[in-house]
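Naming follows writing order (A, B, C, D and E), and every chain is counted from residue 1.
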Amino acid sequence: MSLLAITLLILGLGLVAWLTARAKAMAFAGPGKARPHSLPSYHGWYVALWALVPALLFLAIWSSVSGGLVTQAVLDNPAAANLPAEPMQRASILSEARALAGDELRAAFNPEARTLAPVYEEATNRYALIGGAVALLLAFAGGAYAYTRLSPHFRARTRVERLVMGLLLLASLIAILTTLGIVLSLLFESLRFFSMVSPIEFLFGTNWSPQTAIRADQAGSSGAFGAIPLFWGTVFIGAIIAMIVAIPLGLMSAIYLTQYAKPAVRRWMKPILEVLAGVPTVVYGYFAALTVAPAVRDFAVAVGIPGASSESALAAGLVMGIMIIPFVSSMADDSIAAVPQAMRDGSLAMGATTSETIKKVLVPAALPGVVGGVLLAVSRAIGETMIVVMAAGLAANLTANPFASVTTVTTQIVQLLTGDQEFDSAKTLAAFALGLVLFIVTLLLNIVALRVVKKYREAYE
Amino acid sequence: MNVQPTHWRSDAMQRRIRRRYAAERRFRLLGLGAVLLSAAFLAFLLVTMVANGARGFTQTEVRLDIDFPASDLFLDPAQLEGSNADAALAAVDLHGTMRAAAERQYGQLAKGLLSDGAWLRLREAIRDDPAMLNGVATLWLPASDAIDVAAKGAGAPEAEAAYQQLKEREAVSTGFNSRFLTGADATDPTVVGIWGAFKGSLLTMLVTLALAFPIGVLSAVYLEEYAPRNRWTDMIEVSINNLAAVPSIIFGLLGLAVFLNFMHLPRSAPLVGGITLALMTMPVIVIAGRNAIKSVPPSIRDAALGIGASRVQVVFHHVLPLALPGILTGTIIGMARALGETAPLLMIGMRAFIATPPGGITDPATVLPVQIYLWSDEVSRGFVEKTSAAIIVLLVFLLAMNGIAIYLRNKFERRW
Amino acid sequence: MTDTIERATTAPTAPAAPAAKMTARGVSVFYGDKKAIDDVSIDVSQENVTAFIGPSGCGKSTFLRTLNRMNDTIPSARVEGRIELEGENIYASSMDVVQLRARVGMVFQKPNPFPKSIYENVAYGPRIHGLASGKADMDVIVEKSLRKAGLWDEVKDRLQDSGTALSGGQQQRLCIARAIAVDPEVILMDEPCSALDPIATAKIEELIHELRGRFAIVIVTHNMQQAARVSQRTAFFHLGNLVEYGETSEIFTNPRETRTKDYITGRYG
Amino acid sequence: GDGAGGGAGDARSQIRIVGSSTVYPFTTAVAERFGQANPNFSAPIVESTGTGAGLELFCAGVGTKHPDVANASRRIKASELADCQANGVNQVIEVPVGIDGLAFIQANGAQPIPLTLEDVYEAIAATPYGKPNTAKTWADVNPDLPAVKIQVYGPPPTSGTRDALAEMILEKGCTTNPEMKALKDSDEDQYKSVCTKVREDGVYVEAGENDNLLVQKVAANPGSVGIMGYSFLEENSDKVRGLTLNGVTPTYETISSFDYPGARPLYIYVKGEHISAVPGLREFLAEYASAWGDDGYLADRGLVASPADVQASAKTAITSLTPVKASDLK
Amino acid sequence: MTDTIERATTAPTAPAAPAAKMTARGVSVFYGDKKAIDDVSIDVSQENVTAFIGPSGCGKSTFLRTLNRMNDTIPSARVEGRIELEGENIYASSMDVVQLRARVGMVFQKPNPFPKSIYENVAYGPRIHGLASGKADMDVIVEKSLRKAGLWDEVKDRLQDSGTALSGGQQQRLCIARAIAVDPEVILMDEPCSALDPIATAKIEELIHELRGRFAIVIVTHNMQQAARVSQRTAFFHLGNLVEYGETSEIFTNPRETRTKDYITGRYG
């Protein structure tokens, strides 16, 4: 009996349970009788859930443990006596035997797998049968138990709703699980990294040269993991150059669109600017690398700036700034819109011009919100990957020359993790340490920004 | 009342007023400038992509006359009946036949004239019409990259010259390249297609949607409608808000560490890509969902509660249906973001060279943005236009999704 | 204004001691630490319309909402004291709040029909409570309720139109029909006319007159003239206290407390 | 993992190939052709990881989770083979597929820099002849060279090209100095470090396993020099050109004859244990063999064909599947 | 209620025909296609406080805002007819709206001090109009204005505190001080007390009494007792029409129109 068949069978049972329970509950109501607590369909659901949930839960658990049970059964079989002792080989032979038994593979890498396949098949069938029988039994038992509880006063609705609530709670816990997953995986790999490289060196070193030798008989680089040049490059591109582009353009756009533009203009321009945020970053990266970077380099060479590179910080920062414009402008838009209309009216009624009102009342009043928005934008910019991977450099330079090449945290993460797959070298683990730093920094920026924005909102509540 | 009464008509006052109005005008122009400049960036970006990419949808073809009986191709039309046609075609050297025919027809020019994948077209033609094997057939086959680029006016001098000669012989034509929309990745820009990457994107998005939408909506409902205010729900809320701002590459690291290295799910597969992107998209849906739910006026809830609906009934009968357009808008926007995402997928290996479209969510695959990234690294001139063409396809999709979202938002936006 | 006073005086006098449908004893309500209602005791009878008046923020709505436990929906709200519906403690754990709300219906300040058809608006309550056994049954309930709410003639030809497409006054009557449809014992109305124009207001007031006796009705209003017109008993709240409760005619012509008098004569509020 | 838990995802129908970025374009071309010609097999999955990293993956074990073929732009090391065997991979079949030249490229318009092995060594070694490297321009290294800033994009240590650079260029340049030659015998470790360690002061930029990117960077930055396989040079002759090394220009002929100092054979390594289990692997190898000749389609892509005898022995290796022996390696 | 009538009758009688500071003739206001004000003519004099009353939505605020062209800020709003300030057409193209608004000040329903210091709030107007030639000058203006608004004693020690930190009534007086600081001729007040408690309301009413005669004052109120207390002339609006305009005492004791009478006696609104 396959898993699918059992599942379908149980679902069918659930349907039957629903129908019979509902029918029974229909008889509760009627002229002259007290109003039953719950509608018949709730009674139906109650019984159906009792029939379904335990059985399906059991099936889920069974299908995850039965693999181990089957393997154990196969190993206990005399045919498995001459399997190699080495666990890795043994495991691969077993997994092949399973694939063969399940008709997923035509031939085996290992001849032993062929002899084990029938044993495997037999054991699989046996356990599937046991599991199916127990699941069906559970379904019957659950349904029957629930059915006996039905009565006009039985609070079926309350019970069913409690389950729905549980489901909702479970769904919202996924967010915590994800956060936990991120933190744990970053932390775990980073700890391994920091057992090889001191955190002090990592955080404060100015030398970044991670490409160590991969064999004993090779001379790679020294494996310097001083990430300061990376941090600087990230800040330089994401928090300085990009913001120099994005803040004035975003803020002024927001001001123009909210305060000056005719509704028709606003209706059209706002989505158009939003498109800038919807363009995938890989497209920006391509644009930066193909169009902007050469132009910037040509310009720098033409005016004789030394150290001009085709992977200039400026090109990447410029394009990133463009990408961030709608982000800044929508945050600014929100903050300005949150300033009560009364403020604006108050100022206009004093005889202030619109720009005076904006500069002296609206923007100062909205400032915390705008600042929060800019912080969020910075956090986005420093976590942005594709633009810098495609347009920023690989050389870990510590320079303030925007025409020179710098590298960033995200670029290096991609560099360190694509291609190479050694999971226990400092070089690969360094990517996780960089990821951890990035995570913490963006997290802090966000917490601060959201605090600021929230405080600000509350001020005008 | 003042030190002296205000003389609104005095010269000083009038001058001052003029100055203030000039400042007003300047400020307004500055704002207009910012808007126009931002829009100009967008226009420039799009125009660049379209200008580069439009050529990616066309392909130059070369005429080739093959005299099959005279060629050294030993293939009987009868062999091509029924199911063993493929085997019969696989057994013969069509590539060689094609080369020979080209040399016979074009002599010197033949080298580097046809695309590497041109013989595939020949194979398809023969399979469709085995009768052509009995005589001389005239076929239009994809030209090589060099000729193709020359035909589009950007080639090397020798290729330009060759193209001119071919043109005089009326042996070339440039037309719509349907293969680009139906094929998969290839090493030769003249035969590449985006269908493989596109299908990978579709499968990935399917996984993402199937996970992120229900989980996102349910948590939004929980947090907005039921969650008591306590440490736990605060933690959930903080997690969600922060997840929405975590850089996407971090999700890639998570996928790599947890799904690949710990759970041993298949590398490069839409399954893993989809789960990773779902984790990224879910907070977006939760936040949009909460806003949509929040914007359903409390009076509706009061009304339903007031006649004795339970809280679950209130939500599922009234609040969710009313919030649905908002939730859908948020979902589409989140999905659009996921569709354009590259970095996390690089981390989980969806960057291999894969020449056949994936068949399922566990097959190795790549996705549109990653395909763009991979092609952008190719140096061959032919890939430049293909990259831009792929970008156009991606942008069309994203704009369509965003357009639907905006339409939904406008259509169902209620002022309560 | 003399006119108003006349009206108040000529309003039908309530019977001396009507049997109480709901009784509140020593009820206090807190929002977090803040006391919004302080030790209020009141009886509501089926024969009389009871009006709650008082300046804004005095706790009228808060107290009204304790009567059908709508304040349960505000996490910070907490109720002390005892409220009974026909002798049953409505805050007892055995009381099912969903059924309580079906028995004690509510009409809100702003008309809040569901964005569904008129028919569905009225049918919703009977449906979730399983009051109709079929389509025909439901049709009867819907028609009866709309008739009682005086809306049937205006909407009978467009039952499938959206409830939100009606005028404000019609919407409010639809909400009353919706409340009536689940056959409640008490109907609570929180400033039901404050968003309506004079003509719609008059219609609702008339409707209240007609419903009196069939349902126990409690109405919160900020319009004292309205209280005088529709109610037989009036409760005056101030800063969370029940200052005075008695026959409407007494309260308006001969208030015992100065606070009541000051309020009625427009010295504040 | 336990290898026996997991789901059905364990079985695999495509060939999986990892390794050298130099061999990558050839293997993808063959993979593609193989997929087109054999519609009943799915096309192989090829990933460019660099020779070293690729062999490491390859040697990690037998089974569906491990690649079937490794591309290599150098011969497998004895240490790597030992690694393989320790993990149960005993049947490592070596297939030489052609020859490649380690090319030094620069943008087409730039001022030519005719290099010698010593120049390269002195320019990019971390400590040429044991002294810290302070050269800023090529003229600092050799007064005959132009005073252009030294900026070299080259492969990282995971790459076979990096090993080739160390062994064929740097060590040769280094040992022109007799002291260094002596050092080799006296202190092998010190010798390796002095002769093959590359600068880390930003002059030598490790450009990852993406040779296309490298070409683009070199083309975009006139004056910089890139180190990569000859095939990329040939494919992109409209953008970049090869620098002469000891006076020899990298061309098909000079590489084929091993006149060019950077000429080196390319390999693929096949896992014998997987031959009968992975559908199509045998056919794939046959396709490869049909493509590597002088007139095969790989020549169009810049692969220099091996001498006839090597081609013949490679064909035998594919059919007879004799594993490489540790004693043949160093 | 009799008390109210008394109050209204004893309110100071306005001089017979005071010189009009502002005159409106045949003013109609449209929001898009919707007419919100229909053909209103009215005179506002410096000697009297003018009150606008009427049910919600009748157009009181709309009309008030046409008097200093604040409706310019609503894109869909359009004004027809003629409004003059001391004989000058305020909608003429030669009229500078910035100066107009300095001459016709405005106080809003909800106190809206800027989120700046008390001092800066008052100094804001004089500063943008360049009315003070130096810091000392400005100090004088600020003190004078705050004194006139009856706020000086309460805030003189904390002029640098934020204006939003004051109580609601103080904030509203601060807004009045802010309006006074630019030396206006007319002050428009849109329900200035509706967000305030009785004590703060009384203070503002007192202040209005004091300012009368120095500024022409127009006040919108929904509280009829307030209109009776503070104004000498009252205009009753209904559905965009000016129903009745006359001496406050007349309107409250002896309204000519039934609509006015119905409204004043609480039959609607």
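Keep in mind that, in the parts below, a contact is a pair of C-beta atoms (placed from the backbone, for glycine too) under 8 Å apart; a residue touches a chain by one contact, two chains touch by 3 or more.
Because the structure is a prediction, the values reported are computed rather than measured.
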| item | value |
| --- | --- |
| Minimal step count in the chain contact network, subunit D to subunit E | 2 |
| Centroid-based (C-alpha) most distant chain relative to subunit A | E |
| Most centrally placed chain - per-chain CA mean versus overall CA mean | A |
| Pair joined by more contacting C-beta pairs (A-C or B-D) | B-D |
| Interchain centroid distance [CA atoms averaged], subunit A/subunit B, Å | 20 |
| Subunit C and subunit E, separation of their C-alpha mean positions in angstrom | 37 |
| Whole-Å separation of chain centres (CA-atom averages), subunit B against subunit C | 58 |
| Cα-centroid distance, subunit C relative to subunit D, in whole angstrom | 86 |
| Multi-partner residues of subunit A (each touching 2 or more other chains) | 157, 289, 353, 356, 418 |
| Per-residue multi-chain contacts in subunit E, two or more chains | 98-99, 102, 128-129, 182 |
| Two or more partner chains touched - positions in subunit D | 1, 6, 47-48, 65, 216 |
| Residues of subunit C touching subunit A in the complex | 96, 98-99, 128-131, 133 |
| Subunit D residues touching subunit A - in the complex, by the definition given at the top | 1-6, 8, 10-11, 47-50, 52-53, 56-57, 61-65, 77, 79-80, 87-88, 156-158, 163, 166, 192-193, 196-198, 200, 202, 205-209, 216-217, 220-221, 273-274, 276-277, 279 |
| Contact footprint of subunit B on subunit A as seen in their complex | 157, 161, 164-165, 167-169, 171-176, 178-179, 181-182, 185-186, 188-189, 248-253, 255-257, 259-261, 269, 271-276, 278-287, 289-291, 322, 325-326, 329, 353-356, 358-359, 376, 379-380, 382-386, 389-390, 410, 413-414, 417-418, 423, 431-432, 435, 438-439, 442-443, 446-447, 450 |
| Complex contacts: residues of subunit A adjacent to subunit E | 262-263, 340, 342-353, 356, 360-361, 364-365, 459 |
| Footprint of subunit A on subunit E - complex, ascending | 68, 70, 73, 75, 98-102, 105-106, 108, 110, 112-116, 124-125, 128-129, 164, 175, 178-179, 182 |
